[in-house]
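Just so it is clear, A, B and C label the chains in written order, and each chain counts residues from 1 on its own.
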Amino acid sequence: MHGMAWTLAALIVALGVYVWAALKVGQARGKYKVAAPATTGSPEFERILRAQQNTVEQMVLFLPLLALACLLWNDMAAGIYGFVWSAGRILYIETYARAAEKRSAGFLLSGGLSMGVLVAILITFLLRHVTG
Amino acid sequence: MHGMAWTLAALIVALGVYVWAALKVGQARGKYKVAAPATTGSPEFERILRAQQNTVEQMVLFLPLLALACLLWNDMAAGIYGFVWSAGRILYIETYARAAEKRSAGFLLSGGLSMGVLVAILITFLLRHVTG
Amino acid sequence: MHGMAWTLAALIVALGVYVWAALKVGQARGKYKVAAPATTGSPEFERILRAQQNTVEQMVLFLPLLALACLLWNDMAAGIYGFVWSAGRILYIETYARAAEKRSAGFLLSGGLSMGVLVAILITFLLRHVTG
């Protein structure tokens, strides 16, 4: 387990960001008076909801990529990916809540980063299985 | 694999609950006449859909926590977490279908439980890496 | 890692399909003029969005099943499951974008396949723990 400490730390932090995004939606339901099961009715609420929904989607990509990064690269590389991803997600959620147009930087640092990691993982995998 | 029997059993049961929640949405589309791709139009359908959407979100948190519980605690602890989570999810989905206000107990036993497990996993991780 | 080559290859391909589905939604936002955070307003956009949302849901089922198939069966069985699933998903997304009624074949090859794999995994697990 010691060889996975960075990966596990980054995973736990990412799960914390994930829970925080969900708690923000619950809070926004009260603040903007959008009772469940409604998902529309207030642009402020809708932006907070979409930021969290996007975080769910991105998490589904992030989790296997984190495991692949730890397996094919190493523990620290996976950890760095994870920490940057979490920082990017926090930025995304905070800026999206203010205005939809402001969410690009946070997206690049999390979703964009994941796309780059996926391409790099693919190249690593191909090199390893083509060259030997 | 024998050292993971409880965890795997709990995982398979949770995936069964997940599929069941999705099948309920398909059934509700017919019953309440909400043809895809629409997601609104009937409050009964919307509650069943939201219960399933919330199950997707909670599953994304549950799966890595189940793995962490098996890795940092032990197989049986992970299994107990998983079985209680599945029972809580069934309760959540069944009560949400009846009325949005009734879903709290089922949520606490699944989503609330996961938040507690996340905090406990964090503490376990910190203790192990601070004390050595 | 060599004993997991098929599983990893299938996982990387599935993650590629997942990213492609998300990129299609972003593209469709521009094409059908549905600015974030809105999720309705154009039937074409809604079908592309629902296809991607369904892919998120199916991915959450697929990822643990792929791991279980590799663990309880073997690397190549998991790989075959993964490649067929990805092909089914591409078919689902492409046909759903054209008309909601056309999505059944692609769904059977991905979501339907996963349900069959879940039942087969359950039987494998029970046989192994009842007989041995």
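Criterion: a residue touches a chain if its C-beta (ideal position, glycine included) is under 8 Å from a C-beta of that chain, and two chains touch if they have at least 3 such contacts.
Since the structure is predicted, the reported quantities are computational estimates derived from the model, not experimental observations.
Visitor: Could you tell me which chains are in contact with subunit B and with subunit C alike?
Guide: The common neighbours are A.
Visitor: Which is it for copies subunit A and subunit B: same residues on both faces, with over half shared, or different residues?
Guide: different
Visitor: Subunit A to subunit B: how many Å between their CA centres?
Guide: Roughly 19 Å, centre to centre.
Visitor: Give me the residue numbers in subunit C that touch at least two other chains, ranges are fine.
Guide: Subunit C, residues with two or more chain partners: 39, 56, 60, 63.
Visitor: Touching residues of subunit C toward subunit A in the complex: what are they?
Guide: 1, 5, 8-9, 11-12, 15-16, 18-19, 22, 35-39, 56, 59-60, 63
Visitor: For the complex, which residues does subunit A have touching subunit C?
Guide: The contact residues of subunit A facing subunit C are 39, 43, 46-47, 49-50, 56-57, 60-61, 63-65, 68, 71-72, 96, 100, 103, 111, 114-115, 118, 121-122, 125, 128-129.
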